[in-house]
Structure formats: C-alpha cells, structure tokens
C-alpha cells in the first residue's frame, strides 16, 4: 500500500509539472507584455523595465521557466498587483474556508446521493426512479448563483431561519485555529456553541453547492448499482440466501461506491468551480470569491496563483481518492 | 426530570439552535459597527489612491489639511495653518505640536517631510498630483513644527491636494523596508499613522476585512462625540444584493454609497435601516476619443450629445437620485457656469448634426464602440440607452465589456483609447482642477482623466492660468470660460452629478457626508447600542 | 410395480414459467417436471436455452423481475415453494434447506469483500454475538477443510482474487454446505474449469454427497459429466422435460428422439460428424405441442396436437413422446 | 497423409515472452515466458491439434505464428522462407497465407458492420478492387460455409453461435489462405451445433486443401479433427505425435491425466479415474526442472534437475519426461 | 426499432428530448415568435421593471425591455454558444483522443499528459483564467470554454479507443492486415461515436450552464445580448421586488440544461456497454 501511495504521488508529478508549464504559458504568452501587466496601471517605462528585469523577462524563455519554477518551489507566487501582498498568504487564509465548504457539500451530496441513487436503481424504471432522476438532474441543471439568491431570499430574508452571509458570526471569536476548518476546530475544542454557529452559516452555501454533486453521485451510484446487480455474484448471493436488504445495501452498494469514489475526485473540481459564484453570493471568504475579485481587478498574479493552488489541491484530492479507492478495492493496489 | 422530558427538552433546544434565528449570534455589541463598504486593495495610502482608500485613510491617517462637510471645506488638521509666498512657489505649514502617532511617538515636521519624499519616491497613487510641481529635495523642515515646500512653478490647487497625503510614522516603517521599497510591502498590511482609528493588523484580510479600533489619544480629542464607536469592523461584501439584504436584516450597519436606486425604497421601508442621500461631486461621463474619426468632428460629437436620453436615464433608471450636470465640473462646485444649458435629448437635432458631419466628410457610418465596466451596472445601462437611441439615428454602437485596469492602460495612447467609454470622475481633491483641469488640459494626455484627447490651445491656456492664480474669483471666471468652450465643442458627454446613496442602519448616528471619503469618517459617528 | 418407493425430497410438477421481455412474453418453461430422490444425484441435462437456469431460479424463488410461474408446483417435502412468501424463501429455503453452487466461480464472489464475510453470510443471523460468530467461523473453516482447500485456516481473511478457479469453486461448495442443507443445487459448477480441475470437483461433490447423505440436483450441458456423476437424469429441451430415468438406461437406450440425437452428437458416439439440423425455437413463439417436433426426423402430425403425455415404457424411465405411447406401461 | 512432404510451416525453438516493460516509476512487470522453446511442423493439408489447459500458452503460439505477437527468439519458416525476426508490420505481411479464426468470432466482427460488408472489407484490405469479384467471392464463400448469401445483410448480433463461427470461417477463407489457425473453434457451442460446425471445418479443409493449426482444450474434438496432436503444459510441448497413437498410448504423465479426466459416456466412471492434484500452475511462478513435477504422481528427485527434453519414442512420437522408461509406456495411468 | 422502444420507456429521457425539441423550435423560430426584433434590444424606460402582464408576459427588465422576448431570443444565443463550444471541443478532442488512444509512443503520451494538465484544474477556474487573459467578450469566453472542454472529449475517446482497440474485432482486422488509418477511421470511430454523442449532449447542457456562470461573472456575453446568465446578473439588483427579470431567465437555463442532461442521461443508459445487458 505504501508503495502504491508513493507511486501515485510520483505519477502526479507530470501533471503538476504540466500545470506549471500551463500557468507559465498563460502568464508569458497571452498578455503581450507581462511586465506591463505586472507593473500595474500608471506604470512608467522605467517601472516596466524594472519589472522586466526583476522577473527575468529579458532572459531566454527556458531560463524564465527555471526562474518561475524556482519561485513556485519557494511558494513565492509573487505579490498581488493590487494589494502588493504575497498572493500565497492571501490564498492561504482563504483556503480553509473553501475546503470546508466543498467538503461539507461533498459530504452532503454523498449522504443523500448514494441512498437516492441506490433506491432508484433498485426500483429501476419505476416512477420513483424517474422522479429521482428528474429532480437530481434538475439539481445539476440549476444555475447555482440563481439558486443561491433564491435561498437567501426565502430562508434568510423571509423566514429568518439562517444567516444570510459570511462564514461565521461577526463579533464571536472564531474557534481556536487548529485546522482552519471551523466545524472541525470547534469540535476539537469542544465548543459546541461555536460549532452551531459555523454550522448555521455553512448550511445554505453548502446545500447550493452540493446540488450538482448530488446529482452526479446519485447518477453514478444508480449506474453502479444497476451494473453491479447484473453481476453474477449478486445472483449467487441471492441464490445462496443472503438477505435481500444486505445484498443491496452492503454487497452491491459497496461495489458501486467503490466505483463511485473515482468520480468524487472529478466532482471536487466541479464543486470548486461552482464555489466561485456561490462564494461571491454568500460572501464566503474563500478562494472562489478571491478568484472573482482577482479577475475583476485584473490581478494576473492572483489569477494564476489561484489556478495553480486549486490545481495542486485538485491533484491531492485525486490522489487521496485513488488511495481510498485502493483501500476499498483490494484488487487495485495489487494491479495498478 | 424524567428522562423523556429531558430528551424532548434537549431536542427542542437543539432544534432552536439550528432553526431558530441565530440566537445570540446576531447580537451586536453596543459600541461596534459593521461597515460593509469596499476596502482598498492594499493598505499603503501612498501606493493606492482611489475612493475606497480615501475611506480608509480618513480614519487611520492624518493629513496636513482635511475636508469637512458638504460642500467640503478645507480645514487645517495636523497643520495649524499655512502661508504662501507672493510668487506662489513657497508654501510653509506650521504643525500642531501635540500630535502622537499610534505607537506613542510624537509627530514632527521630519515625519511630514519623509512622508512627502516617500510619496514622490514610490511615484504611485497621489504622487501624480505633485510630481509635476514638486521635487523631493524641496520639501524641508526648518524646525520641528515647520514644513516648507518649494514648488517648481505656481500651482494653486496644491493646497486642495495636500489632504491626499497621509503623514506616516517613519520610525515604524523604516525597520520594515526591504530592497528600497519604502516599506510598501509591509505597509500593504499594516498601518503607521496617527489617525482617529487604529488598524488591528491581526484581523486584516485583504479586500475582505479589517478591524479599526478607536484611538483614544487622538490629538483632536473626543470631546465632540459623546458615544464614539469603539470598534469598526470593515467588511467587504462584494455582492450588492447580499449587502443590501444584510443591512435590512441588521447584520451590517452600512453599505457602500452607491446603492442601486431601485433598492432605496426597499431599504427605507425596512424598520432597521435608512438611506443617506447626499449630493456629491462625482460626474458621470461618456468619454469620446476626440482623436479618432468621426469623433474628431465637432458636429458628430454634438449629435451624440443630443442623442442620449438624459431624462430617461436620470428619472427612469436612477429615479432622480442624480442631478443633471451640464459640463465637466460638478454643478455644486465653484467654476461650473450656473447658466450653462445642458445638452438636451433631441434626436431630430442629432440627425441634423449628423448630416452636417457627413457633409464635412466624417465617416459617420463607421460602427463605433463603447467600453463599459460590466460589474458597474450603470455603465451598462447608460451604454445600452445610448445604443438604442443611436440606432434610431443610424449609428451603430457596439458595447464592449472591459475592466478598469485595462481601460486605464489603454488610455495611454490615442490609438488604443476606445472610441467611447464610461466612467465617473470622483472627488480626489476639491478643486475644479480635479475635473476640468486634469480632464481637458492637453498636458495631461496619456492619463485616464484626459482620455478624450481633447486639445484646444485656448482651453489649455485658460486652465494653466487658473492653476497659477490664487484669487478664487478670477479662477472661477477662467474655469467658467473653459467650461463653455469645452461644452460647446462637446468634448465628452456629461451626464449627471451623483447623489450618493448609502444604506445605514438605525444604529448609526451622526453620519455626515463629505465627498472626500464619502462620509465614512468614523470620528463623528456614534452608535445607539 | 408398487415397490416401497421413498418420497422425493424435491419434486417439480407441471411447472411453467413466463418472462416478460421487450418483445413479448417468453415461455421459458413449459410443463416441466422432475423428482429428486433422497440421497441421489440427479442430473438435468440440456443445451443452451433449454431452461435449466430458469428451473433452478424457480426452485430458489429468484425468477427474474418480470418472470412468474404460471402453473405447476415445486414441492420441497410438504411445502410448495411457489406458494411461500419471499421472506420465508430467503430465511428458510435458500442457503438453508437448499444449498447452491453457481456456475462461474470467477464471477460469483464479490471481489471487494473478504471470503470470510461472504461465506458466513448465509448462516448469519442479526445480532450474532461475538462468541457465536467465532463458532460459525470455526464451522466454516472445518467445511473448508472438508472441501480440501489448502491453507483453510487463513482462507477467510483473503480476497477472492487471491484464489485459483478450482479453489474458488471449493469455497463456493463450502458456502453451499454452510447451513447443512439436505439438498444441493449445482448449476454447471465445472463448466468454467479446466478438465483436470473439473475432475477434482466432480469427485469432491460425489464424495461429499455420499458422506453427508445429500440429495443433489446437478445441472449441466455435458452428458459425459452426467454419466460420471449422476444416478438419474432428466433431459430438457426448449423448456420441456422430455425424458428422465436412471443414467445407465438413458445412455444405453434413450427413448426420445432428441436424447438420441444429442447423444449421437457426442464425439465418443458419433462416427460421422452430424449435428441436429435446425435451431432451438424461440420461447416467444414456441411451436404448439412437442417443442422438438420441428426438428424431429420422426415427427408426426399429432406431435403438434398438444403436449405428448408422459409415459414410462420401463420402470423409472419416462419420456414425453408420442412415439412411445403404445409402449406405455401407464 | 503427406508425411514425406516438406513442412509448410516450421517453427523452431519458439520463445514468446510477455511483460518486462517497466511502467513509469513502477515495479518492472515480471517477465512471463508464455511459450518456452516450442518446435512444430505443419505439413500441407495436415491438421495439427494443440491441446492444453488454460494458460498453457497454446493461444500465444497461435498469435505468434500469425504475427500478432512478436516472438522473443526462435525461427519460423513459411514455405521455406524465414518469416521470423521481422518487425510486426513486416511479419504480418510475410505471413498473409496464415489466417486466424478467433475463439469468439461474434466479438471478432465489427458490431457496426453487416456480414456482407465485413467480408467485403476483408477482400478490400487485401487489394481486391473489383466490386463484382468481391461480391461473387463473398457469396461463394457464404455458401461454402453453409450460409445463404442472404446473410450478407445481417449483423453479427443477429446470428446464432454456430452461424457466427461460419461467418468467422468465411471471412478468412475469402482471402484464400493456406494455413488456418483455429482457436477453440467449438468452445461455448452446444454439442448439437458443435458437430455441424466441425463438419463444416472438415469439409472446408478437404475442399480448399487447407492446413490447420487446431487450438483446443477439448480432447474429443482434437481426436476427431487432427492427424497429429501436441500436448502443452506451461509453455512447453510435453508430448507430440500422431493423434491415434497418443490417444491409444499416452506417454507423458500429464497426457495420461488429461485424457483420463475427460468425461466419458460411461456411468460411474468417476470412481475409476484418479484426479490430478493441485491447480493448473501459472507461468509466472515456475519450478525448476519439469514444470509438471508438483502435480505428477511419478515425480522423482531427478525430475527437478533439468527441463526434460522431448525424446523420440515412436514414429514422429515424442514426449518430454525423464522417467518414461521407468513408469512404463503401456501403463495407462 | 427496439432501441427506439427502449428509449421511449425511459420517461425522463423522453421528457429531455421533448424539452430539447421545444428549445430548438423556439430558437429556430424565434424571429416568428417575436415578430418585432426591436422588443429584444429596445425597451421603453418608462415601462421598466413592470411585472408580468398581458402585454409583457414575463414583465420587463431594468431598461424596460420585454423579458419574454429576451428569454426567447436568449435560447438562440445559448444554443449557438453551446453548439460552437461543443463543436470546437469535439474538433480538437476527438482526433487527439483517437490518435492517442490508438497509438503508443511519444505523441500519445504527450497528448494524454496535456489532457491531464487541463483536467487537473477545475474547468471553470481554468476558463476564467483563460478568458481573463484573452480579454473580454463572448468570443473569448467561448474559446476558453472550448479550450477547457476538449480534454473531456479527448479522455472519453481515448479510453473508448483503448477499449475498442483491444476488442477482438480490431485484432481480427489487424490479423486480416488492415491498415492503421483504415482501422482507426472506418472501424474504431463509429464504435466510439455513441460515447461522443452522449458527452456532447451532456456537454451542451453543461456549456449553457457554464456560459451562464461566465455571463454572471461578467466574462461572457456583452450587453445588450439577451444572454440568460447576463440577464440574471443584470437584474439581480432588483430582487426581490422585480423577481420576474431574474426568475424567467433562470428557469430558462434550468429547463434547457435539464432537457439536455435528461436526454444525455437517457442516451448514456442506452449506449453504456456496462448497462446494455440490463435492458
């Protein structure tokens, strides 16, 4: 297993290297003179020249790339054009918020999507199946930014049940920073009041975000269960007298979930994408809203840093997913 | 207690905790405000120079002079007063001697000198107002309370621009200087001022949040304010709808000052909040690139000026929360000719003028472009209204979404400057120079303010003269004359002067609007718990 | 001829099964019948599409979703399995009274669960204590030893893919025996195996059946396997049971033209390579009467009149064919 | 039989290996020697059976002979020409007179193409440009394999197993090969169908003068179809010779066990047959010496010494066992 | 035909097909449904933000334009954008996937590594970054979407080709001596067509949604385009009073994307080899 994890980590390297190349190309090739872009508005020619030198843009391209890789290796993604602060530190404090949000959304999607998908498969082609598919696919089809606004109006403004925005109540000191995830930290420090506070804030954004994932998970579970139910071992289990409930909810589901785990990695990407709009509307201090503001202020450095950081996290998530997959399916680790 | 009752009780409590209004969580501390106006991109007051920065600077930093009230008056602040030499070149400021920085050290003339040298040294932000007239070496401190500026040539708006320059505490900054950066990297997330409020750097999250604590030792004292705000939580809520909803819900105390006009009524109707409506000095302009054909034809420009539905826009879309402005200078500032009639919406006239332009050989059939800032709804609306009417007179207008930084860099050259673009000219300093002077003097070509590339030697002369004279009456006459020429030649399309609409919760008392900083001056604001 | 004849442990009478398909109702089984005598191994032999698998599924009560028995009975002792509620079938019949050995050992075990989990499943009861679980485990391990699985002690902690095909089939045999059933249903359990392994498994089954006094219904397409293993045999064709009797008699003197032709196809018998012309009729539109009649060289007009009655020209050896009506010993 | 003729296809000391490729950052895959020094001769018009249990390497030999798999070493001569040691493309081009009928001809047909289209395609690939000629040849061949030319318009999934096999035969026969490799041509077929298919195969051999390499695990089929048979165990031939002789007097212990294990139509025969212990081994973990040693009832210490070579024991009858003399040729296991 | 019959049994998929047909109908006949094209782009400011009425079925927006007309016209744009993006993505992704899937070697390796890199960043984030760097406007948004969507086709085709490449019939063709290009384009391509069609169908819905997000973030369509996402973005300031200007474009997105997804899902069920046996 260790070997498997190591290999999987090493296999991620080419993609990460490619990501570096991609961001490098985006920065160097697309804007005509990156120095002018980096120097910012009102820059004088001397300033631009200084930037050009500082970033090594007068060097040959391969050397520039080496410089760039060096910068990235030192976690130095440059300073924001707008705030003049290192973009890494700006992203760093926003990252836990996004991670917390996407994971809660993912969790919710899995907790609801897997049973829904299984039931749909069990009652394949029944009205329930049809309804479930239309509803979950509806979740996938809904424009999250639109839905977010509607949720806000209904549950926060009209009913007043849930907080409108932000990650945590103003004025209440956040839980002791251990992981940066408020839900986890508050539980670790046994501050249930803080947990409730953070939980109330995460409900609406996480729900909005989870809709797309829920549909995907339900769909994959449904397909997986349908496929698994065709397998001989299910017929065998039935003939050998296993209880039907156990066949479905233990044996079949486990196989389908094993197959669905690989989808969760991809799903994470979709969720991070939707988070861009959802975070903006719920005023969630995450990387998504940072990306939006970076784009609106043309902060090239920040845009690229976000791309890079999310790419790396995405890679990590996919590695974790693969490892989990290997743990769930004993065949994978042995024959990768 | 029976076990069952206990369970039910716990369940109910849990249910209340989840569903019930967020109990104590939304409870607000009495002397705190949550101020949801835009935060500046960084915190270095010399590196950035925009409206959000002014809102921050006004509170954390002090300046030699400051603006107060509406219309704004220039009042001595760190300085007790100033004198100008006969030739208008030497400006001498006397300082208060009881000013302490936040770290407790005394503010001296040396700090003022260093601050100006720093501004001129990093050449960003407000430096552009001083670079043409001031060398760093010509700022001197003959003694602890005297600062002397020697200008290269006479420049009357100098005094109006002095409030742009925050006076910084060099003792705090200098240990944090890296690579001769004047400490810009450090100051981007810290403060080094003497102002009425102190930044809590621990809480600072760029663009997102910053907490400001009251400075009880401010040199002006707190006698004027019986219940000052102890803590201001600055929060940025990027989504307008969310911001307004939060205000109505009582989660925040103030919005930005550009509330969508359609929401004013809704906020006013709420029991929790109100809208402060103040005529500002912020002119909306549709720029025209006077260098590009057919905009080089005055008839064409006039035709376009007649083709905008001013009333429809101001009364219909903006619900009259704006005042028609005939020319570049805000109508509520001196120098704007009061009798100057604004262009009216008259498509017949526009057609005539177009025909004239065509007769003069202007390529009026060329489709033209207008660049908008898409996240600013009004630029979009104005452009679409213009587009609709231009189509009626046979001109094709294409709308191109763009962003401020790109637009600003595109205005460096006439070739890259868009045919038309939409923006506002806000109050950076209260002098017609801020508007007409920097917009239509051809020596400013290459800056975004002068991006219409208008050139008229007579106007250049008038504006240069106005800069030199210290007599405001004489200056008024010069600016009025220049205004008439510019308006007659339809250099741009001026639409309105802004009424700033800021949502305020009922807890906020003593709010007083000033165009500089948009009233976000917490020194005079109190809360009602 | 009224010898003291024991009652069959499992008897199928006149069983008809239909399955709904996209193209209509398929009549997979048509008046099929057989009897499994205690302590005997009864072969069910027939070619693909003859309804062997459906027969097994009908016995176990796991017909496909759109399938149902339209007539007949399946008697397990005194109980008609067709009338038992699904719950009872699962709790008392499948894996309990009747053990099942599947066709393909490579596909029949769930790849992501340990072998132990799956083997213990049939004897699992909700709320098993740790102690009972240990006892059950010991029981299964003793069974694994009985089926001669190497390293039986550690087998339960391994995954299916870590076993060879023959070993997996042994695991499945052990699973079928787990709750000590009196009857074993074996559905072509050696088809997927190599011939040498097949021999091992057949011997094992034979040994177990004798040792434990099991009655076994052994389904196969291979007459050779039937010959080796079984005591009695039923021949099926297109959903109908056409002939049944002691293996020796059926092999030596088959009554039904189909049995005759099928045996003639066997390489051991055939002098000249000849198949059976024509194809198995579609269960969607089966011929009326004897389903073999369209391919039968001896077909007569009355073959289509209705299903020929079952006649037993010699004791215990019965056939459904009009050709033998005269010899009927009734 | 044309025993004196020179061999049409001659395979000498053929070795085929799989694996060994080192995946990026991974453990190198273990090298599996699927075929380990096999020599065979196919004479014109002859049918040679290749028999063994799954994983013994018989299909690999077939694919290597065809050129789909590249040999590691060894020589192949086709009609006297050396056709081994070539690049895959060249190898296949040099061996066009060898054609291959897949085990599952249904899957070997493009599911999107009708039968006629697929047969036509085969001819087109082989440069028959005249459409009329192609049509004629296809129709002829369909008739030859016992299918009505109306089958042209059918699709693979519409055919029964037996019909699919016929189409599989027709498809390669239109190319007029000399050698046909039949890979398990009857596996999965019912006995009643199998007989007719075998009949067609036999008939075609006579009619077109074909030479067969007949790969099968089914002894009874091989016995019926082939003049000679080679028994394989773990990549090696353990016994080879005339079918009749081998079936009558099997020499190698494995051959004996194999023959004995085949079910016979003889009630109660089960008890008389001793079963071979253990599982068919995998080529990835070999034992030293004779590979069959762990399962062999006659294994002795000397069996572990070296791979036993094939020894002549009769006319064209060879077996690879060092204890042949001791265990007695006439002692059926 | 059996396949049609099977499809018709899948009620959600049929619903999806109906929706798609309706949307296509609306898109094609939009000029007939909206006889006055000016209603789309020109409004009367006096009539701004009027609630739905007999005159304005869906009410009017902030510039007094008929929301109904704009929603109808928006269908055109949405379909056009989605078609273009998907077509571009197919044009890049399918040949690349075919080549990479069928060959072994450097070319294949490089294509798949590049695909990995593009797939290593969530699509919207990458599209945002690319659109941002290429400049504003619908064209650059479309290019960005296509540039970030082709890897999905490439990956799908790649794995399908890998599967088909090992299929017996390809081996048989190799055995017959067919040339690589012949096998690839004449035999393999039709066999991988159905996953491509499924991907494209779902991709249509996905692209409409993503375009809407881009429009919402101000990076997609430019005013005065009747783009749905843009309409939501422009009108969200008038919530909750003027709900119609946001609700109807939102519903239009929902229904259209729902249609494509349901239909695509149904198609997937029909052609998915893993599920083929179940029907």
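Going by the order they are written in, the chains are A, B, C, D and E; count residues from 1 in each one.
The definition used in the following text is that a contact is a pair of C-beta atoms (placed from the backbone, for glycine too) under 8 Å apart; a residue touches a chain by one contact, two chains touch by 3 or more.
Treat the numbers as computed from the prediction; the structure is a model and nothing was measured.
> Which chains make contact with subunit A and with subunit D at once?
Under the touch definition, subunit A and subunit D have C, E as mutual neighbours.
> Figure out the least number of contact steps between subunit A and subunit C, where 1 means they touch directly.
So the least number of steps between the two chains is 1.
> Per the definition of touch at the top, where is the C-beta contact count highest among chain pairs?
A-E
> What whole-Å value do you get for the distance between subunit C and subunit E if each is reduced to the mean of its CA atoms?
52
> When the C-alpha atoms of subunit C and subunit D are each averaged to a single point, how far apart are the two points in Å?
33
> Taking each chain's centre as the mean position of its Cα atoms, how many Å separate subunit B from subunit C?
A distance of 89 Å separates the two centres.
> Centre to centre, by mean C-alpha position, how many angstrom separate subunit A and subunit B?
37
> Which subunit D residues reach two or more other chains?
none
> Among all residues of subunit B, which ones touch two or more of the remaining chains?
Correct list: 241, 375, 403, 406.
> So which stretches of subunit A touch two or more other chains?
149, 153, 157, 280, 292, 296, 298
> How about subunit A: which of its residues touch subunit B in the complex?
Checking each residue of subunit A against subunit B gives 36, 40-42, 44, 47, 79-80, 82-85, 90, 93-94, 149, 152-153, 156-157, 160-166, 169-172, 196-197, 199-200, 280-283, 285, 289-290, 292-293, 296-298.
> Where on subunit E is subunit A touching in the complex?
Per the stated touch rule, the residues are 9-12, 15, 113-114, 116-126, 128-130, 132-134, 205, 209-210, 212-213, 216-219, 229, 232, 236, 239-240, 246, 250, 253-258, 261-262, 265, 268-269, 272, 274-275, 277-278.
> Looking at the complex, which residues from subunit C come into contact with subunit A?
Residues 56-57, 60, 62, 86, 90-91, 93-96, 99-100, 102-104, 107-113, 118, 121-122, 159, 161, 172, 175-176, 179, 185 of subunit C touch subunit A in their complex.
> Could you pull out which subunit A residues touch subunit E in their complex?
For this pair, the touching residues of subunit A are 14-16, 18-19, 21-22, 26, 30-31, 124-125, 130, 133-134, 137-138, 140-147, 149, 153, 157, 219, 223, 226-227, 229-230, 268-270, 272-274, 276-277, 280, 291-292, 295-296, 298, 300, 303-304, 306-307, 310-311, 314-315.
> Which residues of subunit C touch subunit D once you look at their complex with the stated criterion?
47-48, 164-167, 194-200, 202-203, 206, 221-225, 227-229, 247-248, 251, 261-263, 265-270, 273-277, 279
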